[in-house]
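What follows is a set of structures to go through.
Paired with chain B in one complex and with chain C in the other, chain A is shared by the two complexes that follow.
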Partner chain A sequence: MSQDNYRQLHSSKSDTGSSLPVRLFFASALGWLIISSVLGLIVSLKLQQPSFMSGCEWFTYGRLEILQRNAFTYGWIANAIFGVNLWIMSALARFQFKDTWLAVLGWLGWNLALTFGLGAILLGHINGYALLEMPKEVAPALFISFLFAALWPAVAFVRRPTGHVFVSQWYIIGASFVFPVAFAITQLFVIWYPASGVLQALIHSWFIQNIQLLWIGSSAIAASYYLLSKESGRMISAYYLSTVGFWTYFLFAGWTAPATLLGGPIPVWIQSTGVTAMLMMLLPVIVLGINFFGTLSYNRGFSGAWNNTTLRFVLVGIASFLLSSVLNIIFSTRSLNAIVRFTDFTVGLQQFVNYGFVSMVIFGAAYYILPRVTGKFWPSAKLVHLHFWSSTIGGLGLALYLIICGYPAGQTALVSYYIPVIGFVLLQCVGHVAFAINSLVMLFASPRTPHDNTHA
Partner chain B sequence: MKDFNLILAGIFFTLVASFGGLLISGEVQLGSLGRAPAEEGGPLYPLNEPGLAIQGRQVYLELGCVTCHTQQVRPAGQGNDIAKGFGPRPSVARDYILQSQLLLGNHRNGPDLANYGARAKSDEEIHGHLRAPAAGSTMPAYNFLYVVDKNGKTQPTERAQALVAYLKSLRIDYNSPEAKLKQ
Partner chain C sequence: MSDNSSNGDRPIIPGQVASWLGILAFVFVAIFVIAYAYVAFSPKTNSDIDRRLAEKALRADTESKAQGLISTAGLNSDGTYRVPVDTAMSLIAADSDLLVKMRSYAAPGPSAPQPVALKGDAPKVADEEVMKRGLAVYSRTCVACHQPTGKGLPPVFPPLAEAPIVNDDPTLSIKFILHGLMGPITVAGTTYNSMMPPVAGLSDQDISDVTTYVRASFGNNSSPVSVEQVKAVREANASRNTPWTTAELGLK
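For the complex of A and B:
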């Protein structure tokens, strides 16, 4: 990186008061990423060798798997999303965020509540619903912390006296609003005052789809829009379509919930509504595909993206988004869903979304944001390379391997099986450690003299 | 789109629409489901869970069994659950009306347990499986649920007994108005 680039980097450094909370969110996200990676490693070892650590109740497979999933979602993804959304809002709005302490309070509350909740899971205090497993007493703390960490900053930025509301901001506002509403409603009707019978499962599936598509997915879409435009230096292709994409995405996402319960004990008309909504999701997916890939499709955009660290991660992310979305839609049709439901195919598809799309975009965002927040360069280009290839081969390889092996497993008469994935998980861990070392040095080491080692 | 309030109102509408459309209409259809006799004049199903089974449900939750085992049998046209012997008929909404917290599950590393109580031959068989799963099974041994008494014999703890009582209570081998058993 030349001296000019260095000055440019510093001049574009966000000076909107969000620097401290963004650093804190990224630092804790890294911690949770490492914890969930180690847990993932243990879980895949236990699946392959069930007797491994089976003498201690704390380390039963079921408990550790739940722990890993929660640490990954509420630890890694949530903290990283808080940081990325906060930074993008402040960078787009060019607004002095005065209430930094509120976001810091949110960070503290969220991570304390999460630590307590995960500790409780380890001790066996578990609810039976995915991503609602933490004890109910933790939920109010998570809810209030979210308001401080995400909703208030988003509202404050968008309600600034003047200025345009950009497409990334629509998605961030949507994400920041959907989580507390969906979380509160679901906690109330599934955990605190449970609805009767299978309605609980229906509400839970509605929660999962809202969380997956409208909170996590929307945040990653917002970051993709922002980073593609900023780093490629181009206007978003077919920008006028983005309004259609946004509203159809939000309109249909919640209705897709029953498509995740096909064949289950809920009325068939509700299941059919879910499948129809899932098919309708093709519309926003096409629009997002046109917006994302159209932006990169001319003037050597793809090769340019491949040579840019941030865009290389984002490119893998948006490709995963498109592919996983299409697979999700195709395999929500009844005949195909009958084969793959309950198999590792669905686990692979989830990995495709949460890792291939969301985590890769977050990694790309980190490579863009952290130098601007800290005013430093990435300490090691080799570690960046190691991170990219380990995450791509390990993370996407794991997703594809589970998808490919899970499909035939759904057709067999086997009632008990496992697919060995330890190699992929180990590779992912290597990438995460490389990323964590690079990031932590950047976040906590003293400033360095600029020299050309920032880019992979 | 520049109006923040309009965006927020639109997002709120999308949430309300899906929640109302799916869940409130679901409540209208399913909210008043009650128990029903399997045959005219017979006892009402689903049966109330015995007290020990309720404790066992808690053990099932604590051990995270729901991670690997589902409790729902899909109809014959939607998967091969019945062909695999998971149950004699598909699960229906009425089967779950007494459950305070559903444990439907969403992934299977092991078999579905909706009708496990009817499949298991004896308490000893279930205890044996929990202590030492069959070779090739992906299930770990739950030895910590058992103690060795002064005579050197392995005895189930109260938690193991409760868990077995719960597993035995899982049955859908009765007629439901929505899903009859094949004669």
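For the complex of A and C:
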């Protein structure tokens, strides 16, 4: 396997058929990352200066905040996950992607539909459900584009030549099927043919948990497994446990949805089901912790990881994963949840997962995959360092800051309080720009014009 | 891999695309299954649930009435049934199997039912014809609350079976049927506090039949009630237009 990668690293960039779609997905992911960073900056500035850009209806807080969330999730994370999953699966299953144009079609459809959807949000056509805010006419386009763009990992799996299935493959396969099913079902029963009353909220929370844990989360877990063993050159320790981790993760994650609605007007037994599932999530989290940190725990593994660009990001990512999961589980118990619900604590916890875990792992994966896809080396090591520190301090710092400030706010039941976050967001922005410059130079610059930063 | 041959022609649907189409089919099947399960098992709106419960209650009611009507007690001596026409129509409309059941019970033969001779003086023991008519009236008017068993539905509808209030003085039963009853009343250790509405549209004959039937059924064993007794009670309270109350009648 390592010989295979060596060959990929030193061969021309069109070695596997998947390199074109992977490059396209990464390029658009970068574009959306920059857009969502700028939007995040504006949004946090508006928290501080409510009059900022308030003259125009388009740039009111309500629209921009939703725009930022959707651009971040469906633009940055989704595109990056498409690319990472496809690449890892092609590498593990030795998949020569021949019908690349289908995936490129999906990439085009996804990003066009997303652009239209976000434009509609900007014009005020907004549904009242998080991550379903884009107008319902966009949803079928997103769904079909997903089928074109992101089922290729499953194809690679079906047509794999070798018998052994790596743990990364399980998580990627699971993730490939979770999104279309959860998205279609939720669109049908929340937006197109709304279910009655409280059922909508339940289905929606089920959707959110599926997206967060089973699509985004399991994709990032797959990448963590892959990068950890590849870059550290070791077997995953206690690999036999990873089966338990996988099945318990996929079994319980979908059931945790009602735990996010604690205290809401839903039957108590449903809430209890959610809390129980949340507690059962301890099992996969412990297994993943043993797998991840066990692998790094001997023979100077941590210092080795710290000195490796990819693993440094992944290390922060998996540490965030474990911490945020444990916090999530602890604070889904009724008495503690009563304190922190509706506070910035939950916002911080989400930031912890979406940024500290998922985005950091994707950054690490990008630092691993892009050189192998383009056949070039990273242009600037200084920008990589800038990216790491500003993303870690900006992203993780913001998450911890919100968590630490949110808890006392919930305890004292403050009605209005304000937590200034602009510094953290600015820092994230700097990191993202550094990352984008580095990557775009790599993706698009020919050797003679290294300063061409435009992207498709 | 099968699609690795670079010199042969590619098939119309290349292997990778065929796999992809298979996975697509899997996704759509999964979505369909979940959506179907949701539609089949999800609770509906409150009005839907109310309507379903009402339909269920109606079916149970119809069933019990039908059972009462097609039992041997409702059978005439010539093999036909005593069923009021409107009740029969509605029962048959509600339950298409009922007609078949009734035909299977009914003896073959074109003989018309004999008109029942009304007698001025009631016998000491209720005769079979009176019991049949009483059952018919009971099944039409009383069964919904007091149930085919006569045991009622505690704690809302009191039992008629072995209740002293039914078996002692028939005047009380006649009063309740004519004008209704309100207020708390204790039957067989359970205190009931609901309202019995007056049963409209019953003739003196009907009332005497049904009280006779009730007093001789469900384990009760009291004397029959005559048409004259009913007529006397009706005339004595001709001006009354409100239900009786338990306090007024000294009942507990």
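One rule holds in what follows: the second predicted complex is superposed on the first by the 424 of 456 C-alpha atoms of A that agree within 3 Å, B and C clash if a C-alpha of one lies under 4 Å from a C-alpha of the other, contacts with A are read in each partner's own complex, and residues count from 1 in each chain.
Assume contacts are C-beta pairs under 8 Å (C-beta built on N, C-alpha and C of every residue); 3 or more make two chains touch, one makes a residue touch a chain.
Being a predicted model, the structure only gives us computed values, none of them experimental.
S.K.: Looking at the overlay, does A:Pro420 come into contact with chain B only (first), chain C only (second), both, or neither?
M.R.: After superposing on A, A:Pro420 lies clear of both chain B and chain C.
S.K.: So in the superposed three-chain picture, is A:Phe250 touching just chain B, just chain C, both, or none of them (first/second/both/neither)?
M.R.: In the superposition, A:Phe250 contacts chain B only.
S.K.: According to the stated criteria, A:His164 is in contact with first (chain B), second (chain C), both, or neither; which is it?
M.R.: first
S.K.: Using the touch definition from the top, say if A:Leu151 reaches chain B (first), chain C (second), both or neither.
M.R.: Second partner only.
S.K.: Looking at A:Val347 after the superposition, I want to know if it touches chain B, chain C, both of them or none. Which is it: first, second, both, neither?
M.R.: In the superposition, A:Val347 contacts chain B only.
S.K.: Just chain B (first), just chain C (second), both, or neither: which does A:Pro140 touch?
M.R.: neither
S.K.: Now for A:Pro408: first (chain B), second (chain C), both, or neither, which partner does it touch?
M.R.: Neither partner.
S.K.: Per the contact definition in the header, classify A:Asn210: touching chain B only (first), chain C only (second), both, or neither.
M.R.: Touch status of A:Asn210: first partner only.
S.K.: For the three-chain arrangement built by superposition, which of chain B and chain C touches the greater number of chain A residues?
M.R.: Counting contacted residues of chain A, the larger count belongs to B.
S.K.: One more residue to check, A:Leu102. First (chain B), second (chain C), both or neither?
M.R.: second
S.K.: Under the contact rule defined above, give the chain A residues that sit at the interface with chain B and also at the interface with chain C.
M.R.: Dual-contact residues (chain A): 158-159, 177, 181, 185, 195-196, 199.
S.K.: So in the complex, which bits of chain C are touching chain A?
M.R.: Within the complex, chain C touches chain A at residues 1, 3-4, 14-17, 19-20, 22-24, 26-27, 30-31, 34-35, 38, 42-45.
S.K.: Contact residues on chain A for chain C in the complex?
M.R.: Touching chain C from chain A are residues 96-99, 102, 147, 151-152, 154-155, 158-159, 161, 177, 180-181, 184-185, 188-189, 195-196, 199.
S.K.: Which part of chain A faces chain B closely enough to touch in the complex?
M.R.: 46-47, 50-51, 54-57, 60-66, 124-130, 158-159, 164-165, 170, 173-174, 177-178, 181-182, 185, 194-203, 206, 210, 243, 246-247, 250-251, 253-255, 257-258, 260, 262-267, 270, 273-274, 334, 337-339, 341-343, 346-347, 413, 415-418
S.K.: Using the touch definition up top, name the residues of chain B that touch chain A in the complex.
M.R.: Of all residues in chain B, those touching chain A are 1-4, 7-8, 10-12, 14-15, 17-19, 21-23, 25-27, 29-31, 33, 61-68, 70, 72, 74-75, 77-81, 83-84, 86, 90-97, 99-111, 133, 136-144.
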